[in-house]
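The structure appears below as structure tokens.
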Amino acid sequence: MLRKILIANRGEIALRINRAAHELGIETVAIFSEPDRESLHVRFADEAFCVGPGPVARSYLNIPNILSAALISGADAVHPGYGFLAENARFAEICADHGLTFIGPAPDVIAKMGDKATAKALMHDARVPTTPGTGILSDVGAAVHAARKLRYPVMLKATAGGGGKGMRVVREPGELEHAYATAQAEAEANFKDGRLYLEKLIERPRHIEVQVLGDTFGNVVHVGERDCSVQKPSHQKLIEEAPASELAPATRERLHDIALSAARAVRYTSAGTLEFLVAGDDVFFMEMNTRIQVEHPISEVVHDVDLVREQIRIASGEPLSFAQQDLTTRGHAIECRINAEDPSQNFAPAAGTLSDVALPGGFGVRVDSHIYAGLQIPPYYDSLLAKVVAHGATREEAIRRMDSALAETRIGGVHTTADLCRSVMRDERFIRGGVSIDFLEAFAAPAISGS
Amino acid sequence: MLRKILIANRGEIALRINRAAHELGIETVAIFSEPDRESLHVRFADEAFCVGPGPVARSYLNIPNILSAALISGADAVHPGYGFLAENARFAEICADHGLTFIGPAPDVIAKMGDKATAKALMHDARVPTTPGTGILSDVGAAVHAARKLRYPVMLKATAGGGGKGMRVVREPGELEHAYATAQAEAEANFKDGRLYLEKLIERPRHIEVQVLGDTFGNVVHVGERDCSVQKPSHQKLIEEAPASELAPATRERLHDIALSAARAVRYTSAGTLEFLVAGDDVFFMEMNTRIQVEHPISEVVHDVDLVREQIRIASGEPLSFAQQDLTTRGHAIECRINAEDPSQNFAPAAGTLSDVALPGGFGVRVDSHIYAGLQIPPYYDSLLAKVVAHGATREEAIRRMDSALAETRIGGVHTTADLCRSVMRDERFIRGGVSIDFLEAFAAPAISGS
Amino acid sequence: MDWELILERARRAAEFCASSGLARFRVEEDGLEIEVRRAPRSERAPSAQTGAPASALPSTNGIRASEARPLSIVRAEFVGIVRLARPAVSEGAEVGGDRELAYVESLGIRNPIRASAPGRVVAVHVSDGEAVEFGQALFAIEPQ
Amino acid sequence: MDWELILERARRAAEFCASSGLARFRVEEDGLEIEVRRAPRSERAPSAQTGAPASALPSTNGIRASEARPLSIVRAEFVGIVRLARPAVSEGAEVGGDRELAYVESLGIRNPIRASAPGRVVAVHVSDGEAVEFGQALFAIEPQ
């Protein structure tokens, strides 16, 4: 088993990893930026190193200082969490070069899956159904030609993309040129890679993803699916649930099977997620995330599996602690992301100092959070304050429990998404289940537009 | 189903009841004392009434104002929580007289079980094994006579007692007279009932209790046992776990069977607990608590049953939502009570204003708490700040998870029991399991004595 | 702590503040916090402007507030439904010290509410038939 | 604490405040917090304007620090192991602006640490071979 893990992250996921490590008897090393000095992830780790000032490029992405902290402290592994360096194949390689175990899949798998067009081609070869689309486009002319063949509406996507950035829906030929230019500029700005490809737009799909785990012995299991269709207009997830509701048993099984064969095709190790668009019984592979995801807790509570612990075990060279047939699905879980954002201002991030913090608790409620009253939310990082998970014997019970938990979620000092999430819990369409990814936009249009 | 419940309590249990009611679609009415005006239980209820000033006799025990609040608000039921009016048979009767459903067992059952000597006699008749002992003692002379027959060491107990008050261990005849006087005075002061009885002292027993539930259709189930042997010198529980470790399967089964027959003997309805002293394979009935208990969450998480919801359902005239054979035991759970107390000053309660509150969370951790940074802890009430529950697949996992959770429990402004609980999680004897009720005294002797 | 003692301390703090030329003076000790802040010159009582001896300065807002007569607030002791007396006492009415202003009906019992001292009713905070909680302000009376 | 003692301390704080030209002075110690803030000149009482002689100044670190030139703190930019230059610069040494005081070894690379300005080394905060983090103070230099 590993002895000491450097946690190359901050916020709630740093705490999550810290817990999993400590429960395994593994020491932890935190890194932090100057404005994060008072953060809980710094206080709860066994050691901590400041690695730079606030801006991410100089701290949480500062590979030399992070590696140096790992080596000085005698860590034998690095857990990247999500975001930051989690899907940076080069970082995973450098870790290996310095004798550090990167807690994640192999660098070449990260690289292949991180390039969306490459991943899609790879999955296509593995007979995983993918959205009809192109490879990397040479220029806007190629895009015009391809879009005509795919038939409008189509979707432009950055091959290095993520988090909804570098993505544009194009409904008519006249929109394509402008969309190409702006998507390319956005991708260039965000990922330093402006390459785009084109896909047929699937109308009103659901976003359903399958959690997989693979160990170094070739064992691969899935840990069920998650429905993440309640997304902000930017396609960032806001509310997730497991299992997906209103899904035909055959479709569910197909998703699981596809995910397993996809993971096997790339000899996947560690925790990963295959994201699909689902429209009726049609299933299209979108992308694979080669990291632990924000919404992993809902899979944990319904399947009673500690995914971060499995990641650490796998990285330690241990086999998976369970087989596929050991897994059962116990009820239903919902996660709401409580972000420091103003839903009425198009989810503009809100910086500030938190006052009056009260987070929910009790039977069937799990909270993953790093906040406390007095915490200053720096402007540099993502706006996630807390993940509230409600677990119930049925979906209805989970919804009611979440409603009650959100009523108890009091965070003063910044705008949050708590009230919006609560409105969703009381919405008839959401309660009926099976909403598509445009749900929130339609639901919260008045709130989101600020009127 | 009930429509509106007045919650005749405060603190974490008031929040617990509020949640259960809201999840059932039932409205809630909070009551509060003047110093509790800013409490979360007041903020989260649908309505709230101040019923008096800080001292409990004038607020949380102020029956006229509490009943009046229930009637004015149109509540159809009262949930007493634990403590305060929870085991007050007269209050339960008055509720009925005013057309309010008291969420608990029938008044006559509360009365019978509340009088320890009567309860013991009743249980003896129901062939429940009880500690050898006497009925109510007429005077100290009777005590001297009875003690000689029982053989020393013996234990003096107040028949109206609870929470370790009015209890005295007597090891030699010479100690009896003084012990009698002080126990009587303590009982008189605390319960307005100075009557005492005598029991044979069971040396180094464990405190194991069985959770039962009975509905109005005559169905009675047990929800497993809890080991509450880690107690303060005052015999107040500090750490509990479910199931009990190091217990012979036959003894465990016997405890469950005895609990079921005891509950059936009194036609028990609602949630209740039968407390036993266990020494080796010997099992002695101590008392029955006719209410929900502080430590109920550990039974909830290992059996996946919402006990407070069952209470409400039963009071609504619904049958139990499950049968005995539906229950499974899923792993192991431990609860630590984080009290505002100074373990180095014999657990003296600490009043003050809380600063710097951070409570743990994440996988397998449940927190029941009403605290937040800035909360003033009034001197009038019990010192419970938070119940931290860690759940794991095994006892070892639960202990490690608790250790990690306690490391994350930061409460500034008052002394707490968190560090002491953490030391227990790291103690070899505790880790081995099956400690007796004198464990903590021996364990923490240096800390407790203040040296 | 005794309120007299607090006011005595505040008075001395105010004197000290004035005589040392301070704008603000704050002491916090064992949960008691006293802060005095001198009013800007323009707001000071005339006596201050004339340059009266520092010791005579009524130099804090708190002290100025005490020049007004404190109101006597009549509060509910019982949770119940308030029933105003008939004819109802209205704002401006002069009442005797034993005048029943209303009663609070609680569990069928009428609990009378009386003026604590003779004076003038300056505010009626409740309406007839309203539910009231413990400590709720019902009437404000300016004592005669 | 005795209230007399508190006022006595506050009096000295006020004097100190006036004589040092400070606008505000706060002391917090063992649960006692005293804060004084001088009124703007126009509002001051005559007695305070005369001030106390400078010799009556209670000499605290804070005062001496504020009299002195601000120190220049040399900090680590890299996480690594600090290696002091040989011969090591010690407290009191005069250093030039480009003098290499130490280097931080990070991933096998030597990152030199130089004095930011010529001056006198008043503190060496690290020892040779110590692990340092980003922003950690290594040396304090009093500029010439």
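Here the chain labels run A, B, C and D in written order, and each chain numbers its own residues starting at 1.
Everything below uses one rule, namely that a contact is a pair of C-beta atoms (placed from the backbone, for glycine too) under 8 Å apart; a residue touches a chain by one contact, two chains touch by 3 or more.
Because the structure is a prediction, the values reported are computed rather than measured.
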Chain A-chain D separation of Cα centroids, rounded to whole Å: 46
Euclidean distance of C-alpha centroids - chain A vs chain B, Å: 42
For chain B paired with chain D, centre-to-centre distance based on mean C-alpha positions, whole Å: 55
Distance between chain centroids, defined by C-alpha means - chain C, chain D (Å): 48
Category of the chain touch graph - line, ring, star, complete, other: ring
Listing of all chain pairs that touch each other, if any do: A-B, A-D, B-C, C-D
Chain D-touching residues of chain C, taken from the complex the two chains share: 9, 12-13, 16, 18-30, 38, 40-41, 54
Parts of chain B lying in touch with chain A, wherever the complex brings them together: 15-16, 18-20, 22-25, 40, 43-44, 297, 300-301, 304, 306, 308, 330, 356-359, 361-369, 372-374, 393, 397, 400-401, 403-405, 407-408, 410
In the complex with chain C, residue positions of chain D that touch it: 1, 3, 6-7, 10-11, 14-15, 17-18, 31-40, 42-45, 47-49
Residue numbers on chain C that touch chain B, as the complex places them: 78-81, 106-107, 109, 131, 133-136
Chain C partner contacts - residues on chain B that touch it in the complex: 34, 49-53, 59, 62, 64-69, 71-73, 98
